[in-house]
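Below is one structure, written out as structure tokens, with a few remarks after it.
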């Protein structure tokens, strides 16, 4: 990557702005659905950046898994829980000011640190590594164990989710418990 | 013979144990046999021991009983030491003691604590013998404290009267003050002499190896002990109060024996005092002042026993005066004679009290001479003896003291003599005052009391007679000369022996003057004296108030100490500063706990903010200097 | 690496996986939800024994070089953590949890296994996630009241933040060193540049969050309180132990730079003080345990400051003792409505109703307070000796004094049990059944550790 | 300022915005989305470093992050549903029963 | 029976007894009491046997056992008798049966737990005295708090919770600092010798710089001083004493407080001799302040137990004074004073318990004239009082006399060198005997003398001492007089150890042959 302003830099700049704009929008948008859309915008911007960085596989995953699976699930939940209560009317928590102060500090310290921190290792540019084929080969060769473990993790997540969902069946127990506690 | 002294000491102890443990159950007879028999037996043993001593021509008899403690190179042994001095003391103690035990049978008859009384009395004898026979200061101290204990118990014998119990406590505490000095003196002596055995201490000091400063300090410290026990200024305050005990006790402990322990101590350690002229001077000064001041107080006391108590203090002052001018033998001589006449006086007073059913106020007596003649007779003899009328006992000893007060080459001084002589005059005055007010003149008794007046039983009167007899003859023993090998008399400053004769004549004149004065002032129930006092009302108040020493101690020592204990130690120190700060810390912990609980508010936003805060903090921290 | 070698080196993990699958299959086949206590117990026991045995044989291998390797310490850590899970399972049995509880527990243990063998940061991350994700569900599974879900949510959100922080740290490690191996992290530990320092501190902060160190502790009291007793027991003992032991492994031979040291010291001490003080006024037993665990996290992090060779021993021993005593206390809690048995009030006069439990809880409390002759003392001693060995004398002294603050809270429990009159009509019943079995089991272990600490230390 | 630095800065901002979003937004689902934003911030920096250093491990880690994010959300959403069922609101301020 | 195993048996007998206790049913308190009594009596017999077997004048430990415990750290189960702990072990064993006997009628609640705790306490106390390994010492030292905590907290008076927490937290605070010092020592041994060791004998040989010694001594001393207790760290004591049940007070006063002084004697001073010498003026000052302060406070209390509690502060001041005299007289005196105070204060607390059982009040104002209705009681009370104020022929005198003599003996040479302060302190300490008499006799007067106050007494329903109670007190009184009259045997057995103590703390003086 060069120092001069290249077309790449402009590209990165635009999508960075896009990503940031999405993130900032998430702050202010009232409706969760719109927040979700803003997040998706951010994610897509990032996907573009990944692609430009040559991480095509990752860019694809970003779109497929994140936007395709996670956010869809999220949007589903948002639609399911369309409650217009205080969480809707009042966007911000009582800690808005404190949070923003924290934001300033954190952004300051992180950005300052990241800007000043340069990788100590000499960059090795290997354009070919992250093509789909090569990456897959590397993955399957050296990192296959993570693939297996990912399967375990997802299985566990399924079990966990189903367990939590099952609890709803016990709503009656819960109501009884609450009554008893109120009697106390 | 081996074990003789041990036997002497143990006899009363056996009496104490038997009476103390079994007396209540086995009855009066048993108590009498044990409680009175054993002291007489002890007297017999004492006589035997004395004979043995004399057989050996006065060479000290040492009897080691056991080793109390060995610490490193130091050994503390329990050993008895009999020389002429301790023999005289032992004889006085057992002799007068045995008589008073006998007297007590009548006096204490029917008392609830009869067995207890004899047990205590025996205990006293035991400790007193320990005191006089102990070879080392340690054993002496054991006896010293022990007689204090016995005194405490006997003063508070009728413990249900809180005032009496309090008097016992006062005696004990005051003595303890002296004991503190005693201990320090003992430590100091030990540090230099490396031993506590008194004969060796004397040797060590006599060898002149010990600095004068140390000898002086040790002398003064030990003398502080003596002032406590012997009721000298400034620790004399307990003795008058000690009269709360049964009268025989006053006679034995607070007149004849225990209170003279201080005199004995100083005489015993004459080797130390010979090396410490300054300490000796102090003793003389304290002695004569005590003698004088006590005598002045005695002048206005109205309680028969209190008069005698102050008289005791005064006489002890005389003894210390003698000690202070180096006339140790003379002091012991006065101790000896005093033991008899003062015992006789007290027991006589006891007889009076007995006769009057407990009445002690001399203003409500009078005219008893005819009603209780035996008592009167013996009392009169003893009074004459203490007043110094020749040829009675007190005359000889007191005269010697006054003579050495001026003539001694070791501290004799005109003013000592003058004050001493004045005191002698006062002595005669207050003693005859007592005699007049109690026995002569017309009766001022309550009618109720008067009806019951009766002469005491023979166990009591016989003792009075014996003691009166000794009050007459005790002065004829040349005790100072007998003790001379042990306690050298100081050299006399005046070349012409005739001075002594003058002094004798003067002293007798003083005694007679006192007698006459008393006879004049206290005729007619003491009205002339009252009129006289009317004129010196302020002085009377001071004297009747005993110079307000008690009040002074109360305000200057006791109350401040209580105040400090209560306000400073307890309230300020313990409660406010120490516990207060601890409770403060506990409150701080509770406060922080509450603060932490508030932080844990349940709000997820807040929790996230805390995390955010933590992150920012650690990042800033680690990136601080890069 | 031969297939047998692969099998052997990761045998405990394989056994756990097998157990999960077995339960899952049984569950699918059976028509109604079943209790999976027995298979789960057998699985955990088998895994623990396997780890124990492999530790004994001195087996050491790297089946996935650069990612997953085992050595004596790793096996010891696994054996002790899996062993600690056994009483937790017993406790769960009394709660009548379903099979999914067992599966999730096993999965979490599996994550712990990975974490303790991780040679790469990827494995570390993965292990940590696998350890944590089931926990969110485990917390909510004891759903006796709405607060359980609240607890799970708080844990999940803060845990998610922790995950992100950890990832940021890993990312910076990558940037600083060009790799994602554990060795790279250790390189970063020595780095003086922004990326290295940021990487290290973020990773440590994430671990602190998982271990509940102030100020990253906020989830712990709520999560512990909301969870069921066995879940609390599991979180307070196994999870905390796994996190700390993983950190020890991650640090390896490396020391900490001064800045990091200061952070760890400051936050550990803060944690000890905060946890101990805040626990003073708690009225719920689990909440009290939570705050106490915050304080104990402080001690554990202090132990990390010691010289490299002493760290593992100190942390492992501490985890054993701390875990056992915690489990002992929780196992002895009286039975009854969940919220009721949790109240410290219900312990009042426990000695008169159930002397055995009261005494055992007292033992546990005193051990947690670090009072001899209970093993907690030896553990505390070891930790502070370790700290002192690395020259941080003042830190050790301050830490000890801070640990003093904790005594009161444990005494308070004892006071409730022994020094309050028994209630006339207690609403809770004495502990019994599987909880008692768990109590006896842990008691035996506590006695062993207490009387022969030398044996246990020799084993580590 | 190089491209890498630009992107790293953006990554830091996204991370920070994500964390602060959790603090300031009053909606459980929105807060969950901010968690995702944090992860995205991290992913960006990972991508930069991966690309810059040619480290495959980085890419694998990114892949794992996707998986974990999916798993996390799969557990989170049911929990939120459960909670809303009991409390009927998405305001986390209403879920402060555990405190002290 | 080999001699070493006798010592082990002595130590573990209470544990065995405790285990047997578990088997007894809660419903049979008589069995529980009987068993405890049996066990503790057996222990006393063993202790007496060991005492008789103990050879005087022999350097080093006797009846030693040393088994590795935590091998990696060099921690051993290492116990043994030497002159320093011999008498305290004997005292502990002696008080054990008396405590149990004293609790026969007063403890009716949770009898089994109570006796279990007493046995546990006995175990830990003996362990503390016997331990020759610092780690072991600390374990016992700290473990002892637990049974005491429960004894005060369960069977105590109205403010028992406050008192017991105060007791525990106070003492635990000191212990924490001591722990820090122990840890540091452990790690110093390792760096100096290369092998880890906690053997106290090894620790004596450590070479520590003076600043380090000062810091470590501070840690140790704080812990010990709290236990002693020395002013200003004493405020836990009155509360604990007042609220504790009789048995607790007896053990507390009888044995527990001695642990502090024993700690100084065995560890504090010999481990850090240079620091000890630096600290001597301070400790001496505090000792004397304790003597006077305790005496003052005892004077203004109206709670009988508080009076005795504060008197303990005063009496242990003497012990400390003796210990810092660093000569044979003082240290021997201190040891005797420890034993004496154990007997006397223990006895007084027992007696207060006896009267409390009868009249249910500890307020001095509620009493008076008991000598009239309870003659036997009064005699014993009087005897104990006399021992408390150090009347000759009682043990109190032996202790105080030797201590004061030792202190004076140590202070005089300094005075001759121009240092007045120690001498002034030693002299001030002598004042303590006056103040001691002041408060104790006040107690006696208010309690035994004067008019009858207690309603039970006026009703004439007051029983005098039972045979059991008389037996307890007679044993105590006999011991008190024995030590008062024949202390030499004790002194001979302890002398060698004390000489070594002196050589460690004050080698120069020891070399000069000044004992």
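Order as written gives the chain letters A, B, C, D and E; numbering starts at 1 within each chain.
Throughout what follows, a contact is a pair of C-beta atoms (placed from the backbone, for glycine too) under 8 Å apart; a residue touches a chain by one contact, two chains touch by 3 or more.
These figures come from a predicted structure and were not determined experimentally.
Using the touch definition from the top, how many steps at minimum link subunit A to subunit C?
So the least number of steps between the two chains is 1.
What is the set of chains touching both subunit D and subunit E?
For subunit D paired with subunit E, the chains in contact with each are B, C, in label order.
Would you mind checking which chain's mean C-alpha position lies nearest the centre of all protein C-alpha atoms?
If one averages C-alpha positions chain by chain, the most central is E.
Which chains share more C-beta contacts than any other pair?
Greatest count of contact pairs is found between chains A-D.
With centres defined as the mean of C-alpha atoms, identify the chain lying farthest from subunit A.
The most remote chain is B.
From the centre of subunit D, which chain's CA centre is farthest?
Here the answer is chain B, farthest from subunit D.
Using CA atom averages as chain centres, what separation in Å is found between subunit B and subunit E?
36
In angstrom, rounded to a whole number, how far apart do the mean CA points of subunit C and subunit E lie?
Between these chains, centre-to-centre, one finds 42 Å.
Counting in whole Å, what is the centre-to-centre distance of subunit A and subunit D, each centre being its mean C-alpha position?
Chain centres of subunit A and subunit D, defined by C-alpha means, are spaced 5 Å apart.
If you average the CA atoms of subunit A and of subunit B, how many Å lie between those two points?
100
Pull out every residue in subunit B that's touching 2 or more other chains.
In subunit B, the residues touching two or more other chains are 597, 600, 602-606, 608-609, 611-613, 615, 619, 623, 626.
What positions in subunit A touch 2 or more of the other chains?
Within subunit A, the residues that touch at least two other chains are 93-95, 98-99, 102, 106, 110, 113-114, 116-117, 119, 121, 124, 143, 146, 153, 156-157, 160-161, 164, 167, 174.
Give the pairs of chains that touch; include all such pairs.
Per the contact definition above, the touching pairs are A-B, A-C, A-D, B-C, B-D, B-E, C-D, C-E.
Which subunit B residues qualify as touching subunit D in the complex?
Listed in rising order, the residues of subunit B that touch subunit D are 597, 600-605, 608-609, 611-612, 615.
Can you check the complex and tell me which residues of subunit C touch subunit A?
It is residues 17, 20, 24, 33, 64, 67-68, 98, 100-101, 103-104, 107, 110, 114, 122-123, 126, 129-130, 133-134, 136-137, 140-141, 143-146, 152, 172, 175-178, 191, 193-196, 198, 337-339 of subunit C that touch subunit A.
Help me check something: in the complex, which residues belonging to subunit C touch subunit B?
It comes out as residues 153-154, 157-158, 161-162, 165, 192-194, 197-198, 200-202, 205, 209, 215-216, 218-219, 221-222, 259-260, 262-263, 267, 274, 277-281, 405, 408.
Taking the complex as given, what residues does subunit D use to touch subunit C?
8, 15, 18-19, 22, 28, 31-32, 35, 38-39, 41-42, 45-46, 48-50, 52-53, 55, 57-58, 60-61, 64-65, 68, 71-72, 75-76, 79-80, 82-83, 86-87, 92, 95-100
Under the stated contact criterion, what part of subunit A meets subunit D in this complex?
1-3, 8-9, 12-13, 16, 19-20, 23-24, 26-27, 32, 35-36, 39, 42-43, 46, 49-50, 53-55, 57-58, 61-62, 65-66, 69-71, 73-74, 77-78, 80-81, 83, 85-88, 90-96, 98-100, 102-103, 106-107, 110-111, 113-115, 117, 119, 121, 123-126, 129-130, 135, 138-139, 142-143, 146, 150, 153-154, 156-158, 160-161, 164-165, 167-168, 171, 174
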